[in-house]
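These are the structures, in structure tokens.
Shared between the two complexes below is chain A, which has chain B as its partner in the first and chain C in the second.
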Partner chain A sequence: MKLSKLTLCLMASAFSITGAAARADTIKVGVIATFSGPNAIWGKQFREAIDVYVAQHGDEVAGHKVEFVYKDVGGPNADASKAAAQELLVREGVKYLAGFDFTPNAVAVAPLTKQAKVPAVIFNAATSSINKQSEFFLRTSFTLTQIAQPAAEWAAKNGSKKVVSAVSDYNPGIDAETAFSASFERNGGTVLEKIRMPLQTNDFAPFLQRIKSSGADTVFTFLPVGPATFAFTKAYNENGLRAAGISFLGGGETDETTLNALGDQAIGLVTAYHYSDVHDSPLNHSFVKKLQELHPGSRANMASIGAYDGVELIYRMIKAAGSDGAKAIEAAKGMEWESPRGPVKMDPVTRTVVQNVYLRRVEKDADGKLVNREFATVPNVPDLGFNP
Partner chain B sequence: MSLILSIVVDGVAYGMILFMISVGLSITMGLMRIINLAHGGFALLGGAAVHLLTTHLDVAFIPALLAAVLAVVLLSVLLERLLYRHIYGFNELGQVLATIGIVFIMIATVNLFLGSTILPLGVPASFTTSIDLGFRTLPFHRLVVIISGLFVLAGLWLLMEKTKFGIYLRAAVDNRVAAASLGINTPVVYLVTFAIGAGLAAVGGILGAELLPIEAYYPLRYMVLFLIVVSVGGLGSVSGSFVASIGLGILDTAGRYLLPGLGTIFFFVAIAVLLALRPNGLMGRAQ
Partner chain C sequence: MTTPVLSSSPRRAATSLSVLLPSVCVLAGAALAFLMFPYDLSFLTRIVIMMIFVVSFDLILGQAGIATLGHAAMYGCGAYAAGLIALHLSPDPILGLAIGAVAGAVMAWISGLILLRTHGITLLMISIAMTMVLQEAASQARWLTGGADGLAGITVSPLLGLFEFDFVGQVAFIYSVSVLAGVLLLCQILISSPFGLALRGIEGSASRMRAIGTPVYRRKVTVYVIAGAIAGIAGALTAQVTGLVGIEVFNFSLSADVMVMLILGGAGRLYGALIGTLLFMVVHHLAASVDPFNWLFVIGFMLILVVFVLPKGLISLPTRVTQLLRRT
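Now for the complex of A and B:
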């Protein structure tokens, strides 16, 4: 019963593909993301960045009008994501899928993208292995290995000898720990201890006391943005690790949307990441300015830049191949462009963007706002964790 | 030795926050036999009010705290009169559904006006300084939490044991029909208790915000934790809530110091064993 329903859906979507190709006036892009619940910030950042891109570049590409259709999946929810993709492909006749904040949501649509031959542009989900599930996945965000390995190399070269890795006990955290430790040890450093902190942890003081007494000179961490980040960075200061000279090295902990909530105690935290909203380039300035004009009070973060470049990629694919998904994927491979984050290139093998990774330090800018100020660049890092 | 002291200090500070937020829930559940899942919502609203006052209106922390707690108490009186009064008569499933609905409304309201990211409270700078205890340093706000927790405990003990209201309250917890027939105005006892519970939740939410940061989903994120405290402590028991909170705080902290990988499993296994041995909690009486 389920099978025949699926076959019907696919037939319908196949028909709608041929039907729409004949008209070729409006190309719909289905955006699957979280617009409600505790993780609604993802969908908000995606949508606002798309608004900015469309405001800057118009909604017409090579004679096609581009229309975005948004679908809320309410958080990490594979079933909802798959159902949303099915509905978008069959009922709405979308020619491109996009969004995907969480890894399971991306993995769930892999078979559909292959059957319908529709490219799916991942704006965030950062697990390397996703792209192996379907050759129709393209990723404009980052992978954890892409961030953690340059972080380890930089730390090893800049005086860190003994590190404790303390990550949240979930897949991205473990990916970050693995990539960091391997690379740090290759570069002559010692990883004293690898702590995996439960996701439900509220009080991080015990972990930080443990790190403090371990004799480490640096703590490497990866935590989900939100209460965990808040409590961990607070505990880092309050338990005297900063005063004891133990450096902090993180990834996305100082995300722009929560940075001001961390308060002054965040000043001086060092992170390795691919985007900061104060990246110094004319393109980034105009992106941030337009965002503030359209959505006052919003701040660009890594989700915004993932979506902005994702739309750039979709526009380029439409220009090259219209609504022919297979042709679009081939055209996308190797595409290079200047993004507000710096130069990016769509890696033909990993289908994740090759990009600069920046070392940043939290500072207070002229308006009293906390920002991630870039001070060192590791250029053109591909997804180092991809093994086909 | 300093490891044991660290476990005790961190565990007690964590436990005090749990105590302040959960004790109101325990009393209202014990007294009114109502499963008020919206309890954490009062902590959220208190925290959100302090966030508004300190960061948007530049009110100092202490006046903001007092104003926020007062506002939450007033709101709880209003809610008790208009909503909870009807919910008391529902069956258990009805109570769960109704109060979880109230949580959703609270969350959606905060989300609509303040967004879903963390809401920092403008705490005084002295809050985040560290105090040297000799064997380690302790953030000042943890000391504030420990001391406030002791005050709350002492205040509740005086209220329950030394005042006429305490006698009415204990009588109503033990047997509400008999208490009512002896002329105790139980609806007023309910109302005052409910308001005290909500006010304590707000105090705990605000003082504990350095550890459990305030954000729109606060009531659901920590609901299980508060319910664990109540079930381990035993319904309606102040001392039970206190022992359970401190015990769970120390247990959880010890797990993290000693077995960082297995801390959570250790915590939940210990609770499961305890509840298997004492189904009504540490200080609970058989219903």
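Now for the complex of A and C:
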């Protein structure tokens, strides 16, 4: 028994030495996301965008080879996320963490990032408060306040007087509702009613009937992408809200990956968001083209751009600080670059990107594909929901 | 199920040894794993916690034959209770475990009083509904649970005031293994007691047990409460180790996974619960790290294979092999 213990120890130490030698000039990036189950679309979009970035920029930065290690957590699952992060940090020796599609998955790794001094780049999770949990969080997606507040300002300036907000009854929905109604009322509008709809329901007819009879001219909504959005937009048309002239104002409901499934009923819906895959810039064209080339049939959406800019940020941090996490975070603060979504800047205080928010209308493009066409811009919006 | 019913006094020593056996096996296995995989302790800790959870489910499904799909209810209550205690009252881990056990037991008692009047499909459906109600409640009570963002910022003080929970996860692992060993000892004593015999009788034929005068309903509620307490302990451990409780602790898939793990290993035997959990988690982990996109195939295939070839679970593999050999 003693002998076998000794051999085991030897084996373990030999393993760790060879491991260390092999990664002398490789910097590993651990990507924690959902690659399986009903939410697997997040992981898929992340990975494809990372592929595109690496194909365009190579896998070497300032003499370091960058390697991505993927870990599946199967959906919102804090335990799995923490264990995955621990494994990536302890065994794989990653110097950067990335991914994080759901808020609990990001919050669960906050203490680890502080202990290991490893920057964690959030590609999606959109609750403002996440970044307060650890000074090593950086976010290249958006926050709900960042979207809802400009939407309210734009609506108030463009003829909306009376609004009903109808959101899904869970934290992101409530964040959106709070930010929208506060800002809309500040700008002189009236919020007639705040409706919170159950997360699980797909029957929106009663809510929309209520909105119709309330005398509102606009309905502001936030729903998770998926069947709920589909049912809500369908009910919006079928209950005659469009015919009654009640305009629709949303956020991520017309996501590129599900937009075509919504069909013609989606045409004309107005949303405020930070990225559309038809954003008119050479950088975005080349991003979308490369994505089509590497993964035919895929469409870029907000998850793709979050991951693409996240990798851009990681490359920039590696260039500035190599594998020194604390130095990398300092270097990242205030970084500015041109992204396929437009100009972005890493806010030194909130550590969320400052970006343009676009007002878009769903249209059919030349090939008969539904797209979010941008028609107005609210420039340089920071994370307005961050109160340190 | 063919263990002799009466234990005569010369047998006492042997019985007390066999009571200790599962705990000793687990401790030895854990020590080996600790030395062999020093970099995977966080994953091993998850396995150990899941083992505690599956063992608690084995008590009700394997011993008493109560099939539910809502075992996550007690797990979740334990997790939230331990989390809230650590945040608002005292960060002591042992106290957290105790509170988690109480929360799980209370939940099991309340729900068990209703659930255990039914059986079969009705029981399955009501148990699922119960968990969904709890999940919705946790999602709504944002002021208390943090809603969909989770109850964050849970920190626990050093274990017994001496051992700080470390970054690599050594203390968390040893702590979880000790709890598992304790739970196994308790279960083994329970199973070999007259109460355990009554449970197996109920599993075999509830009407006959009723005919010989066993209060079937009361026995079922009792074992449900005990299993609930153990599930609560597993939940409390997760909350302490992860430092966050999300509403996903009440997920249907968690209850379903637990059942799959138990059936894989073999219901009705403590070792079955341990082996099933180990195999499920390890295969899941390996398959998911080789191919994070399609690993579910492997799990599905494994389950189909085991259910067809070894209907009594992996634990029956040795008997099955000897049977086959004898036949040829």
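In this text, the second predicted complex is superposed on the first by the 364 of 388 C-alpha atoms of A that agree within 3 Å, B and C clash if a C-alpha of one lies under 4 Å from a C-alpha of the other, contacts with A are read in each partner's own complex, and residues count from 1 in each chain.
Assume a residue touches a chain if its C-beta (ideal position, glycine included) is under 8 Å from a C-beta of that chain, and two chains touch if they have at least 3 such contacts.
These figures come from a predicted structure and were not determined experimentally.
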Overlay on chain A: chain C relative to chain B, clash or fit: fit
First (chain B), second (chain C), both or neither touched by A:170: second
Contacts of A:261 with chain B and chain C, given as first, second, both or neither: first
Partner chain(s) touched by A:201 [first = chain B, second = chain C, both, neither]: first
Which superposed partner A:70 touches (first chain B, second chain C, both, neither): second
Which of chain B and chain C A:40 touches, first, second, both or neither: both
Partner chain in contact with A:127 - chain B first, chain C second, else both or neither: second
First, second, both or neither for A:108, with chain B first and chain C second: second
Contacts of A:281 with chain B and chain C, given as first, second, both or neither: neither
Chain B versus chain C as contact partner of A:82, first or second or both or neither: second
Smallest distance from any CA atom of chain C to any CA atom of chain B, in Å, after fitting: 6
Contacts on chain A seen with chain B and repeated with chain C across the two complexes: 37, 40, 169
Chain B-touching residues of chain A, taken from the complex the two chains share: 37-41, 169, 195-198, 200-203, 205-207, 209-210, 226-227, 230-231, 234, 237-240, 243, 257-258, 260-263, 265
Residue ranges of chain A touching chain C (in the complex, touch as defined): 5, 8-9, 12, 16, 35-37, 40, 43-44, 70-72, 75-80, 82-83, 86-87, 90-91, 103-104, 107-108, 110-112, 115-116, 127, 129, 133, 169-172, 174, 199
Complex contact set, residues of chain B against chain A: 6-7, 10, 14, 111, 115-120, 128, 130, 136-137, 139, 210-213, 215-217, 221-222, 225, 252-253, 256-257, 260-261, 263-264
Complex interface listing, chain C residues touching chain A: 35-36, 38-43, 45-46, 139-140, 142, 147-150, 152-153, 155, 167-169, 238, 241-246, 248, 288-289, 292-296
